[in-house]
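Both complexes below contain chain A, partnered by chain B and then by chain C.
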Partner chain A sequence: MARRVLFNLFAWSIVLAVAFPLFWMIVTSVKPQFELFRRPPTFLPDTVTFEHYRTLLARTNFMIYFRNSVILSTVTTFVVVFLATLGAYSLVRFRYRGRESLAFLVLFTYLLPSVVLIIPLYLMLVSLGLSNTILSLVIAYTTFALPYALWLLRSFMAGVPEDLESAALVDGASRLGAFRDVILPQLLPGIISTALFTFILSWNEYLYALVLVNSDGARPLTTGVMSMLISAFNIEWSLLMAASVMMSVPLIVAFAFLQSYLTRGFGAGGVKG
Partner chain B sequence: MADVEFRKVRKAWGKVVGVADLDLSIRAGEFVSLLGPSGCGKTTTLRMLAGLEFPTSGEIRIGGRTVNDLAPGQRDIAMVFQSYALYPHMTVEENIAYPLKKRGVPRGERGPMVARVAEMLQLGPLLGRKPRELSGGQQQRVALGRALVRDPKVFLLDEPLSNLDAKLRGHMRAELVELHRRLGRTMVYVTHDQLEAMTMSDRIAILEGGVLQQFAPPQEVYREPANRFVAGFIGTPSMNLIDGQLAQTGGRWRFEAPGLALELPALPPGTPGGEACLGLRPEHIAFGSGPLEARVALVEETGHETIVVVELPGGLRLTGRTAPGMALRPGEALRIAPDAAQAHLFAAGPSGRRLNAPAAGPGRAAASVSVPASAAHAGEPS
Partner chain C sequence: MPAPRPTALERQYARLGVLLIAPTVLVFCAVIVYPLVSAIYLSLFQIFTPTLQGSWVGLDNYRALLARGEFWTSLQNNLIWTVGTLTLQILFGVAMALVLHQNLWFRSLARSLILFPYFVSTVVAVLVWKWVFNDLYGILNHFMLTLGIIDWPIDYLGTMPNAMISIILVGAWKYFPFVVIAVLARLQTIPEALYEAARIDGAGPVARFFDITLPQLREVLVVIILLRAIWDFKEFDLIYLMTGGGPVIATQTLPLLVYKEAFAVNQMGMASAYAVVMMAIMLAFMIVYIRRTRERG
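Presenting the complex of A and B:
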């Protein structure tokens, strides 16, 4: 009994430690300016206000950054999932010389720290004439999201029985037809996990965005909010918290919708033995 | 309906040979089993016929047409997989209709065709279900239905019954034979279960190490195994294979092994003497009387018969079968009589070829058994 209580206390303390900053973020974002630095602090705001949100949406570049982030993350996710799905298919289903070495080479690039790659990548993008564009970030994010996505999907793909594809081929499907009709539906949970992973990675990325993009037209939320609200002299806490809340919303929505997909469909029993 | 022909078909992965120069002609409408232990090349052979593997060299023909370069879907075949390979995200109905859809059968015509197959295989009430909601036997029938819904030239079946329990397996065996009789289609059936091959096939192709050992009707494979491998592989309990010496003295052939000597019926001219292997089916050893002394080593009652393993004085063990009720106990001494007329003779080595002609029938030919020279009746003609 005592062990149970202890365990529960332990678990709840971890939950609180993780959840408190989120709670504080939301609370701070709806507190009026004068209540922010009151001592002792109020846990629940005396008056709730949405003025920070209004300010952010109406009088700053927040919506531009938001749009940039949505475009950036969505395009990156599509590119990465598309390439990784076909790449994983090739790595699992076809036999060719250097297949395993190729897979490990890809993983190796993932293991390199991004600070090592960032300057060469920047120079390459400049010489391609892509610096300061959203596209440059899409390319940069693809380079480090793709290896992991490829490995993730490779293991999912290996779990799809080869007999299913063979059966579809015998039943008259082309290779691409078999891929679309039979493999893709089986791979859906894997594709969704990979897509979610890539989306979060691109949405939260900071370092590359800081180095590769420095105009407001192409800045994503992470660096945009930072440069807008945090200066050497002042931090706009209330606006920062409101921005953080709005930055988190798309991820929470995405998770809420896809969570059932992530758990559904695993281990569907079409093949025996 | 079409014939199937393998001409010098070879499949190798680097130095590993899966199938070696296979020549096989399957007649139109025939039910042929590819039988052998795992790794013998039977599934590779079937997959090459299906177009899922490509032969390294040689030619495969279906209905007189070379199919080497055709994709599986263009070969006009249907296949049932060991794993059933049902599409998990489709209902039973969609699974069965899939081959029709892929071949451009209009939507309106698919329904009646699926219904016909569903009725034949009693799948009607299951049409709306997903594969994971079905039992193993039901899944197997759906896999069969997906193959039967079209009218392909050749049916390929890759161990379709191996995942079923024994009772259902026996039932489905009979169903498949009946189906083949009714449809009259060419069927190629891969199995490692000799009972399935023996009971269902018109002819059996026995493979070992990628090499075709024998291709003949079941009874012939049993009565006249072409070589030592086939002899040992077909039959339960398996044939007694005894290594010994074959010698000809005064026009009579004699086989000797430790504790055993047999005088054999005439062998074809040119038969080499020396090391050889004698094969005796368990049913061709009579217990209770006879010229050989033996000691019971093991008794297995299966209900409808008794399997007896006896040991000869030289340490050689022979397996025999008798009617149930014969009270034998391990350690007991008894006399046995091998039927030399029914003996098979093979050249030495693991796949030594057959040396003697098959016995004419169950009757006894002019052959006799003698005890070894070292035993009591030494020197006496028997």
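Presenting the complex of A and C:
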């Protein structure tokens, strides 16, 4: 018993140490400005204030960035998951020439570094007159989100038993009918998982946003919040920490309600391949 | 043996299959294949970014690049960063997975807390760590001073080797959860009977780890190491946001060099050449990974 308690104490102190920066982010965001610079620092705030959140929402461009990020990530997720679901169905359940090579092209692009694509993409989007638009980011995000979603959905699709589809076909359903009525319901958890990962990936993307957008009207949260750091004369850490907390809200929601989908996605795409 | 002629239904199915993948293939060609090919093409030009005026220089960019000290420094930094952070991710990740595999109080809460750094945006992670690292008011310097490890506040990001160590540690913190989850999933499939047998043979916990757990994990660890090596090698956000490659270029890796050359030095052709060389280096890892996946699939 004593060993068990000791082990738990040991394990939990590591877990808490790992989580400490996140705890510190939340604490800092609710401390009044003067308390930030107190020596020694207070671990729990003496006075809790939400003034930084109010400032953030009322007096900065944060809400514009937030809106841009929501639109951007949602559109990217819908487009990518739609394409990838059809694509994965085709890659796993159909036989045609070039199918294998295609599957490995997907894997190859899944590993491709963004910096290789960014220069030609930048030139392409500028010549199309799309620079500084949310649409340009949707197009750019497809380059990493689509291979990712395809690869993930491909392994989810492989997990749907083939017999189910055959049975439906024997009963006279068409391929697409069987896909809609039999496969899609089976695949739904995988689709949710993939959508969640795609959304988070787009929500967190930085490099393309940095290169392709430099107007506040189209800037997403990642580059937007960083620009608040650079433009501020003296860095207001509590404001930045409040922005960080707000930026993580979708993530916290996902963790609270959809955690099983998150871990499922890990198993499917990350390592099993 | 000649393949049997496909039936009408099979041909119809094949057509449907092609039809379903067609939109994906089109998008792939437009946003991935075409840019990839033009990256190689662009690397043969000298292009001034603001005007986009270019002139053909053939392989001169590559010749110039190999003669430049900055390229070799960045490559060296890239390797130090990758090896450093990857090693820590693996060691810490496997250890944490072993801990979380045990019966822990509030295990699922512990798992969520461990997973969080991986999913949090790099921007958020960097802002938080910059605040922790802050030389005047940062909590880390306060801890270190209180514990008597240092006598004077440390500049974590502005001097060497501190800057490199700092980004390696933050990288390990951010990405080790990936290793934890992957290893944990594999641990759960190791048959308990193997441990029973070893216990009967008198093997202690350490022997059991080296004789059973590690060989069982070997396969998955190779895949994890390959994947993480590729991803760490191409990491841009974390390093760019933490140090911007500084002090001077002491933590500048190849992705940062590409970005700088294209959008700060304004030489897009040269930047493309850097990107192509970087991809060529990564190709070795990518091919090994793809080979392995193909064999297993």
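One rule holds in what follows: the second predicted complex is superposed on the first by the 242 of 273 C-alpha atoms of A that agree within 3 Å, B and C clash if a C-alpha of one lies under 4 Å from a C-alpha of the other, contacts with A are read in each partner's own complex, and residues count from 1 in each chain.
As a working rule, a residue touches a chain if its C-beta (ideal position, glycine included) is under 8 Å from a C-beta of that chain, and two chains touch if they have at least 3 such contacts.
Because the structure is a prediction, the values reported are computed rather than measured.
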Touching partner for A:G177 - first (chain B), second (chain C), both, neither: first
Which superposed partner A:Q186 touches (first chain B, second chain C, both, neither): first
Chain B versus chain C as contact partner of A:A168, first or second or both or neither: first
Partner chain(s) touched by A:M247 [first = chain B, second = chain C, both, neither]: second
Chain B versus chain C, judged by how many residues of chain A each one touches: C
Touched partner set for A:I14, first chain B, second chain C, both or neither: second
Chain B versus chain C as contact partner of A:G217, first or second or both or neither: neither
Overlapping contact positions on chain A, where the chain C interface meets the chain B interface: 270-271, 273
Interface residues, chain A side, partner chain C - complex: 4, 7-8, 11-12, 14-16, 18-19, 21-22, 24-25, 28, 36-37, 39-41, 83-84, 86-87, 89-91, 93-96, 99, 102, 104-105, 107-109, 111-124, 126, 139-140, 142-143, 146-147, 150, 175-176, 200, 203-204, 206-207, 211, 221-222, 225-226, 229, 237, 240-241, 243-244, 247-248, 251, 254-255, 259, 262-263, 266-267, 270-271, 273
For the chain C and chain A complex, residues of the former touching the latter: 10, 13-14, 16-18, 20-21, 23-25, 27-28, 31-32, 34-36, 38-39, 42, 52, 96, 99-100, 102-105, 108, 110, 112-117, 119-125, 127-129, 131-132, 134, 137, 139, 142, 146, 173, 178, 181-182, 185, 220, 223-224, 227, 230, 233-234, 236-237, 240-241, 254-255, 258-259, 262-263, 268, 271-272, 275-276, 278-279, 282, 286, 289-290, 292-294, 296-297
Complex interface listing, chain B residues touching chain A: 47, 50-52, 71-73, 77-79, 81-89, 98-99, 102-103, 130-132, 136, 139, 146, 156, 162-163
Contacting residues of chain A [partner chain B, same complex]: 161, 163-164, 166-174, 177, 181-182, 185-186, 265, 268-273
